[in-house]
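Given below, in the form of structure tokens, are the structures.
Here chain A shows up in two complexes: once beside chain B, once beside chain C.
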Partner chain A sequence: MGMTLLETVNFPSAGSTIDFNNITAVAGADLKIVISGRTDASGIATEYMMRLNGDSSSVYHTTGLAGDGGTIAKRDVGPTTFLENLSLPKNGATANTFGSAEIYIHNFSNATTTGITFTGVGENNATESYLGIASWYRDVAEAVTSISVFGQAGSLMQHSTASLYLIN
Partner chain B sequence: MATPTYELIHTETVATATSSVNFTSIPTDSSCRDFIIVIDGTATSLRPVLQFNGDTGSNYSAVMLSDDSPTYSATSSGTYLDPIPGYAITSRFSATYQVLGSNSADKHKGVLMRVNQHVGDHVHMSSGRWASNAQIVSVKVLTNNGNNYGVGTIISIYKIAG
Partner chain C sequence: MAIKSLKHSSLTDNAFYRSVLAGNGAYFPVYESDDFLEEVVLSSAASSVTFSSLGTYATAGYKHLQIRMVTRADTSGFAGHYMQFNGDTSANYTTHRLMGNGSSVSAYHYGTEDYIRLGDSERLTQSVADAFAPTIVDLLDFASTTKTTTARVLNGRTGGVSGASPRIEFHSGLWTSTDAVTSVLFKNYANYVAGTRFSLYGSKA
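Showing the complex of A and B:
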């Protein structure tokens, strides 16, 4: 009982997605993913994206806020084929900086729709630096057994990491 | 030995629709520097609010950032800690509250809060304060208007050592 590390994914070289598969059901428990990431695309920042259970159908809803260092914008989209929100640095951000994000999946083993809390902050030694919060929601009544996280643009770069924790 | 984190101290699944759940015997020793409340559930029209140590006085304040417009709002001298002043949960939602320094006996208690209205399409981030130096020994999860949490709503409390 408590917060237990289930798996850490490291990227010794660039990779396209973070995948956690075959997640064992635990009644009433939550999952927490902590990510340190950066993509090799050009530019300053892109979206974190996530799918559950390999499902790429239009069942995902995102409601979020994102700031870019100068303005704040609302994001309200869905149903779409992925969950999304800004704050993942691209390769145009200051060298060696990685964004940090936390994804909290509530009550993942219940055969109900899935509610998720996203919090992310980018890194860039300039005014243009992104942060975002979001309410994510998958409108399918089933337990979560696998998770895939990826960037909208580019591949996750070497030294990116992601850890999956069980909270119960 | 690693310091334990997120150690579950209470959890309750709502079996009959109810407007409040009271958790007592919150530890005040070093095993519980902070505690985190996590709610995942349903409601028809309410705000998920808190009271500590049975305090119903005007000792709670909060500031909130919401995606709606976007909006910044604040409450002060409330009789409960309200993470989403002016809003109402109308369906599926999740909420987290991190109560900082809950075992402290010499300062007011800060609380970081997030509320997601998954179907109502809103996200809110807020911080609050309970104006009391008392160590927290109990927390009541209630609603602002007496409306009920839906059957199946899960409310859990985890402690973090410090």
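Showing the complex of A and C:
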């Protein structure tokens, strides 16, 4: 099994979304995205949101666990118009601190429901900080050809980065 | 790129292709990532392990690091392990933690400590014999001098003998410095036993 870098999105200035388009099908392969991100909204953390193939209809499901530094909560939502997880730091988190997230898309070229795993952590030098693990899926039987990731609140700040890797 | 399909008829039939691939499979540049960089396997007990050449990996173009560990400690008591960057032993670290033990879940915050917590190693007398606890640490953009360092950590232990229940832990860790990470130290409250393994991987971006 190997891991090949396909594309990196950098933010020399603030931007609204991470877009990976025209993803070439590879039978049996997976995709992995790693994101170092922070948004310019006020507050401590917001949701990562993701859509596939430009689809904004209610076909997405999220099941997961999340913690805020003192409590833990379960989440099981869907269908919604996006996949989500609360672990993207906002601009009220400790200065210069970016979250760390990994999104793993299984067998992305197969024309079946898309299964995805997510792990993400924000950070903040205080009790309030968010981290979570989630299982995501898109209930549409088609291959993944494009991915869009964005924050629920604010724009991704300068120095945010996201890289897309092929795993086969 | 190896050409996988080239036939005489391809040259003589004047076939027209809209893609330069001309019937070949998709081409991906040879830019392998997730490279194995170095490894330490203990041949005798040790209290700590350090990777000290991270700056050279940044120079070589590696953007992200992942450390995969399997650890066991020579104690019947607390076997927590942790990490520090660049020899900084001051209280510049924070950890947030999710933990499940098979019957309950909990969340914690540990602020203003002199390390990032990584969960537990297996315990010599309280864990299944010869079991080593896995821990995976991701450090994104580790050479940045504009970001603090955020760690994403997944850890589990089997326990299995009295006093040490099985656990799964998911952590975030913060080092409040914006220095590039040039070294990382892993340390246990007890000693890591022989056979404990630390493997360092890098990926480019």
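The rule is simple: the second predicted complex is superposed on the first by the 167 of 168 C-alpha atoms of A that agree within 3 Å, B and C clash if a C-alpha of one lies under 4 Å from a C-alpha of the other, contacts with A are read in each partner's own complex, and residues count from 1 in each chain.
The rule we apply is simple: a residue touches a chain if its C-beta (ideal position, glycine included) is under 8 Å from a C-beta of that chain, and two chains touch if they have at least 3 such contacts.
Remember, it's a predicted structure, so these values are computed and weren't measured experimentally.
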{"item": "First (chain B), second (chain C), both or neither touched by A:Leu5", "value": "second"}
{"item": "Touched partner set for A:Ser109, first chain B, second chain C, both or neither", "value": "neither"}
{"item": "Chain B versus chain C as contact partner of A:Thr161, first or second or both or neither", "value": "second"}
{"item": "Touching partner for A:Thr39 - first (chain B), second (chain C), both, neither", "value": "neither"}
{"item": "Which of chain B and chain C A:Phe98 touches, first, second, both or neither", "value": "second"}
{"item": "Which superposed partner A:Gly70 touches (first chain B, second chain C, both, neither)", "value": "second"}
{"item": "Which partner reaches more residues of chain A (counting touched residues only), chain B or chain C", "value": "C"}
{"item": "Which of chain B and chain C A:Ser135 touches, first, second, both or neither", "value": "first"}
{"item": "Which superposed partner A:Asn124 touches (first chain B, second chain C, both, neither)", "value": "second"}
{"item": "Common ground on chain A, meaning residues reached by chain C in one complex and by chain B in the other", "value": "2-3, 65, 72, 119, 133"}
{"item": "Residues of chain C that touch chain A when the two form their complex", "value": "26, 28-29, 31-34, 63-64, 94, 96-98, 105-109, 111-112, 138-141, 144, 146-148, 150-152, 154, 170-174, 176, 178, 203-205"}
{"item": "Sites on chain A touched by chain C in the complex", "value": "2-6, 8, 24-26, 34-36, 65, 67-72, 94-102, 119-127, 129, 131, 133, 159, 161, 163, 165-166"}
{"item": "Partner chain B, residues of chain A touching it in the complex", "value": "1-3, 28, 30, 61, 63-65, 72, 74-76, 104, 106-107, 112-113, 115-117, 119, 133-137, 167-168"}
{"item": "Chain A-touching residues of chain B, taken from the complex the two chains share", "value": "4-8, 11, 13, 38, 40, 65, 67-70, 92-94, 96, 114, 116-119, 121-123, 125, 152, 154, 156, 158"}
